[in-house]
Amino acid sequence: MSADTLATARPAVELEGITKRFPGVVANHDIRIVVEPGTVHAIVGENGAGKSTLMKILYGMQKPDEGTIKVNGEEVSFRSPSDAIAVGIGMVHQHFMLADNLTVLENIVLGAEPTRAGLLDTGRARARIAELAEAHGLRVDPDRLVEDLGVGDRQRVEILKVLYRGARILILDEPTAVLVPQEVEELFQNLRELKAEGLTVIFISHKLDEVLGIADAITVIRRGTTVAAMPRAEVTSARQLAELMVGSELPTPETRESTVTDRLAFRVAHLTVEADGHHPAPKGVPVEEYAAQLRADGTRLLLDDVSFDIHQGEILGIAGVEGNGQSELIEAIMGIRAAHGAIALGEQDMSSWPTLRRREAGIGYIPEDRHRQGLLLEASLWENRVLGHQTRKPARKGIWIDRRAAREDTERIVKDYDVRTPGVETLALALSGGNQQKLIVGREMSGEPRFLIAAHPTRGVDVGAQAAIWDHLRDARAAGLAVLLISADLDELIGLSDTIRVIYRGRLVASLDPSDITPERLGGYMTGAIAGNEES
Amino acid sequence: MTRVRKYHLTLIGVAALLLVVSLVRVITGHNDITSSGMFSAALLLAVPIGLAGLGGLWAERAGVVNIGLEGMMVLGTWSAGWAGYQWGPWAALVAGLLAGAIGGLIHAVATISFGVDHIISGVAINLLGPGVTRFLSEVLYKEGTTASVAGAGITTSPPLSSPPPTPSLPLLSDGPDLLGKLESTHWFLLSDLAGLLRGLTHEVNLLLVLAVLLLPLTYAVLWRTSFGLRLRSAGENPWAAESLGVNVYRIKYIAVVISGAFAGLGGVFLVFFANKYVEGQTQGRGFIGLATMIFGNWRPGGLAAGAALFGYADGLQLRSKEAVVSFFLFGAVLLLAYLVIQIRRLTAPDRPADLVAGASRQYVRMAFATLGMIVLFWLWLTVDRLPDEFVYITPHVLTLLVLLVASQRLRMPKADGVRYRRGEQH
Amino acid sequence: GGDSGGTTASEAPSSAGASSEAAKGALKVGLAFDIGGRGDKSFNDAAYAGLEKAKTDLGAEIKELSPAADGSNRGDLLRQLADAGYNPIIGVGFAYGDDIKKTAEEYPDIQFAVVDSASNGPNVTGLLFAEEQGSYLAGVAAALKSKEGHVGFVGGVENDLIKKFQAGFQAGVKSVKADAKIDVTYISPDGDFSGFKAPDKGKIAAQKMYQDGADIVYHASGDSGLGVFQAAAAAGKLAIGVDSDQRQTVKEADLQKVIMTSMLKRVDVGVFEFIKAIQGGAKGGTDTVYDLKVDGVGLSTTGGEIDDIKDKLDAAKQDIVDGKITVPAKP
Amino acid sequence: MPAGLNRALLTVAGVVIAIVLAIAISSVAITAAGASPLDAFAAFFDFGDSERAQSNGIAAFLNRAVPLFIAGLAVSVGFRMNLFNIGVEGQYRLAAIVAAYVGSTFTAPAPIQIAVIIIVAAATGGLYALIPAVMKVTRGVNEVIATIMLNYIALSLTAYLVRGPFAGERAAGQLTTTTPKLPESAMFPNLNFIFDWFGLVAPTRGGGLQGFLLVAIVLGVIVWIVLERTRFGFDVKASGLNGPAALASGVNPKKMIIAAMVMSGGIAGLIGLPEILGDKGAFNSNFTAGLGFLGIAVALLGRNKPVGIAFAALLFAFLDRAQGSLQFAGVPSSVVTIIQAVIVLLVVIANEVTNRLALRIEERRAAQQLGRDNDPVEVTA
């Protein structure tokens, strides 16, 4: 930092010696970061490096144990986010912070409501939102319920929330994780505009090329402390950044030679899911016909006549912006959600089977949200091993749960999958996200499935664990496993899949060959910008 | 747009119901089912339930389940009796409110500050309320005390030192009492309407007016003010609220304390009604209130409807045990209406696909409805008077029946009952 | 309110021998209340009045216990009294019937009494009250006073005890006006005692009767009766109280006015007389019936509202005492 | 397991602190009432002067604990999977009358007679609990409301049955309505011989120490085994800890709701049996009410675990027994309810605090252990 830059303007944010300890973890250790006003400052670091913690400290959500924070040159001390908001800081969180059952408008004004005579002045709020939306190209209908919005819209609401408060310093914690490239580009356009207006942006991402595309300066955090800080110009490649982050080389998800066989492993035909409750189809009417009729009636369909085959040794990737029917597809296959159409494992039709029987027949399931669908956080690891395998060896002996066998098998998983834990009696919540995910992968593989649903298998998992999970998927595929892979990480999708199908508004619209597709083109299909090559 | 349609639909529904009720009255000759006395009793019985329900609404909208309403209501009745005999109805009002609020505060401390399971804390308060009040009675109302001389016993307080004022609407329900005259003609529909209006306006106690006003007030505060928005956000996603600088703890505290105060107010109402505290006079109304709140989909309007239904049915079984039988006819007519609508839908040329698909199911349902209609009709023809034991439970059975029909549409606040701790996101 | 001046109940003829009997000293009387307990200003307190009288008049040492709110420990209270050396022991309320039977078997040397239930052991005395007879008089009074020929009855809990009140009342009314209309309402079913604690529901039930044209309502509904009085006051009509002279025990002046009379049930007399008899060496195994003959039940006259029909009431009473009229105990 | 031991120790410490605090708080109340707290606490331990009184007191205490324990068990089964069966109250009442009536209609050798009565009671309770379960599963009716309403309905229904179809003979002058008397073979043998073992006088109180205590113990063990060791128990636990995860693992939530509710109701059906088979010999209109609601408090206090529930039931029963002694000591007996409520509240608060503490410790331990034996991320691409 040279003397003359200091002379021109005081840094927008200056973090000095920030240390934050959690029980057993030092999340931040003596961190120092200087963010110049009117710039986009990226912070990178692997999972658990302490980025979110740092930002929460800057936003007043957590108190640092040590260190000082200066905003626009003034030293500040925040007791709550409202203090941070007061000095012009706004934060978009890593996970959406929206109240589903409130409208967009209510979510935006919450905490900074305009009032007239004690009542909420929605007129003024609406005007101001329209104005902001116009100025920054962030268009959303203020009267819709947030629960009806897609992820892109939600992200826009989050940013509007921050702008609405007149923030001059924006913190964006992994805002692009759930966006497709086109949306990312839109977002970056917005950010550049904001920057042009003199706003400061602190931007966190795991996607290094994105970082290189938008940032003016970059700080790298490793294991809770700053290991490098430099202007964009000094960075030569993503690889260089990555090595700073992890101290070693980047893994790639590419699969080499194809292991696809011609033996059919799994088939879905004409899968259709109604939005407003399932109504059984009349007897004798083929599903296609019934689906057509529903369409004609204007019934909203979450899944619209979806068909595909997966062969043994094949990974079928489903690309799509979140909310286009992926969750429904998985749930329909698992039997959690009622659907029309046929689902067959091998030769066996299982469309009328309950979830349990499907699992027993050999479907493995890595859910998209491990905390919601995958784990009993307040139960031990071995009990989590039993989950989903209550009816099978080794977890079960007659009507009993075979505790000893379950423990032993859990120890095997811990060893084989490198789950870092003090023991199998440890509660699942004491494990880090990546280790929890490895446990789930190990569990689902241990049932020797013939078909595996892997939804976002490496989401929120750091590079090390990521590579391990990819390896396991590849090995299983080589052994003849059929995999349905759903991922928002397009590199992962392209790298692992043998075939990619694009889902858009509940329909499979394109079938692509991963060997000659770029993430950008894929994003085009996903957003509907490029018309699909399939008719259903 | 949808709101307007919903509102109209509600109006049409109410009108249709009134029509059917009026018809049933004329056929059965049970004039009491729409008499002003009936509606006034229904209102009186509905109000304490509704107040408890409102209490539940405030707490649950802020994300705290309050099953301790009953205990808080008990605290309210005792305190109102105690303050009322010494300093009159206004003091009773304040004391009841405060005592309920203290109950709420205990619940708040346990659930919000200590993160205790909401149900557990509520159950403890339901134990605590009757225990503490009985204890206080044993101490303060024992023989030889001035209270005892004034008429207190171990189970009752002395009467209020002066009765709460009871205004009634001039002209319509008092003096010339035009509505009363119209009602006594027993004309179809007109008398029923008159009965309804007169029942709601004749000799209304001030607290009752206040209680009824609390419904729109609650709506206004929760849905039209910034405080209400924050409160609801605390029940939907407290972490989002926290991240925007809302002090979620404080909001929840306020909500739960108000919740207790409302339950206490329900207790005050009972004391005003009886003119004194009587041990056990809440009679489980806290629980019923909670039920009406769920029944009402966590909304003031629905809650009012639930409380009104319960109050009406309770009033009817208390006043005219024979008239309860006419509800068989009422049910039969409703089922008939349902059948007519279904047949028209099924025979319509452009019937929707889901009907085509679910036709067999539909037929089964209609067969059941037909059967039910016939049974109800037969019951109405043959039964003169049910054994009392079956009459007492009219309100409970009705509540269950309505829930069976309407329950699927309920949606509770998303973070209701969730333990919230600052900085610990789920 | 035991010693109200104008009641028709018999004057207890005992005070004379009090001082001499006090010398015996060893008399320790235990009493266990019904749910609600001591201080309920009603049934339990009436029993307590008898007990207290035994203390002052007979020099008895007394101990009274209230049961838990759910009444689950009635038997244990009796045993605790027995173990602590109390004899005799009295259970107040018909709910004690079963427990007294058991306890009496366990403690054959102790004398027991149960109010409102029959003797069921050689050392158990049943203290029974002819509520139907008193209620008959209440019915006669109501029918005579009613201008419309329309009266009402509000019962608290629909059990056989309260039905005795109803049966007597109805018979009394019909004896005067065979075509009289009698509305009957109960507040809660048997086993659910909330009907004794619901003044609001008592009020609503009575309100309906008054609106329909009844001009006198008799209640046997504990604290719910307050509501009946309020409804009467609001309608400008009359009501009849129960158990004790409610014109005296109810403190509100406007409510006192509407209480035409009360059907007295002299539990105090029953309790006291029992203790006295035991002190005199009596043994149990029989029932003592407190009926009109011994003035164990009757009508209160405070306020003088029924003075004008005193002749007719006395005649009716005499007919019952003479056995010319048998009052039904079941409706 | 040192981690488990840690947790257990912390829990016990928390409970002890909570009880001490509860005693302190109630002492304040007692003093305010003009009585001496020392007298009051002495009264809790005063089981009478004579040996007979003491034995009776102990029997009364244990007899009270039995239905409370069963009620707690019944409630806990539902609560374990976040199913709030507030309807235990109605379930046991209805079950009691049906069982008492059915048991009175025939005579068989004692074991058969008693077994039939127990089965009828469990079946009735289970069937009555099936109503809210089916309503919830098919129509989404909130079980809290449904069971509250069904409690009132059961109350009226039993009132109807006991005076109508199920009415039995009554002695002249007996006002309590009752079902027919059960035959002698239906009466559960008592456990008075246990007092001999300890050299105590056998209690004389009606029925003595009720034999149903054994049934309760067996029931507790069965419930523990079912919930902790079987697949069904695992499914219940999973559903309670994380509904969506249980669903995804193949647990059928509808079946679980029905199974848990019926099991809860079935257990509830037994609550009234000690009173009927060990004491009264019939169902009558003075049948003890309110145990279902107390069961909620007992279950919560016992953290929904059979052993905890046993302790909680004993504690409640111990306090309840003192109702008479307190009055002898001149202390308002309502102080019992206050102590119970305060203990429930404080114990759960203490539980919460110690639980959190234990989790922290566990997390720290996990983190420390991992910090020691693992170095930076190694990449295996």
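Per-chain residue numbering starts at 1, and chain names A, B, C and D are given in the order in which the chains are listed.
Assume contacts are C-beta pairs under 8 Å (C-beta built on N, C-alpha and C of every residue); 3 or more make two chains touch, one makes a residue touch a chain.
Keep in mind that what you see is a predicted model, and the values were worked out from it rather than measured.
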Between B-D and B-C, the pair joined by more C-beta contacts | B-D
Centre-of-Cα separation between subunit C and subunit B, whole angstrom | 36
Distance in whole angstrom between the CA centres of subunit B and subunit D is 31
If you average the CA atoms of subunit A and of subunit B, how far apart do the two points sit, in angstrom?
-> 44
By the touch definition above, subunit B meets two or more other chains at residues 130, 134, 138, 389, 392
Counting only residues that touch at least 2 other chains, which ones in subunit C make the list?
-> 69, 158, 189
So subunit A residues touching two or more other chains come to none
Pick one for the touching-chains graph, please: line, ring, star, complete, other.
-> other
The chain pairs that touch are A-B, A-D, B-C, B-D, C-D
Quick one: in the complex, what on subunit C touches subunit D?
-> 63, 65-73, 75-77, 79-80, 83-84, 94-95, 97-99, 102-103, 106, 116-120, 126, 128, 158-161, 189-192, 287
Residues of subunit D touching subunit B in their complex?
-> 29, 32-34, 79, 84, 86, 135, 139-142, 144-146, 148-150, 152-153, 156-157, 159-160, 164, 293, 296-297, 300, 332, 334-338, 340-342, 344-345, 348-349, 352-353, 356
Sites on subunit B touched by subunit C in the complex = 32, 35, 37, 41, 44-45, 130, 134, 137-138, 141-143, 148, 150-151, 153-156, 158-159, 203, 270, 273-276, 278-281, 283, 315, 318-321, 388-389, 392
Can you list the subunit C residues touching subunit B in their complex?
-> 36-42, 45, 69, 158, 185-189, 194, 197-201, 203-205, 207-208, 211, 223, 226-227, 230, 234, 249-252
Given the complex with subunit A, which residues does subunit B contribute to the contact?
-> 220, 224-226, 228-230, 232-233, 236-237, 239-247, 352-354, 356-361, 411, 413-414, 423, 425
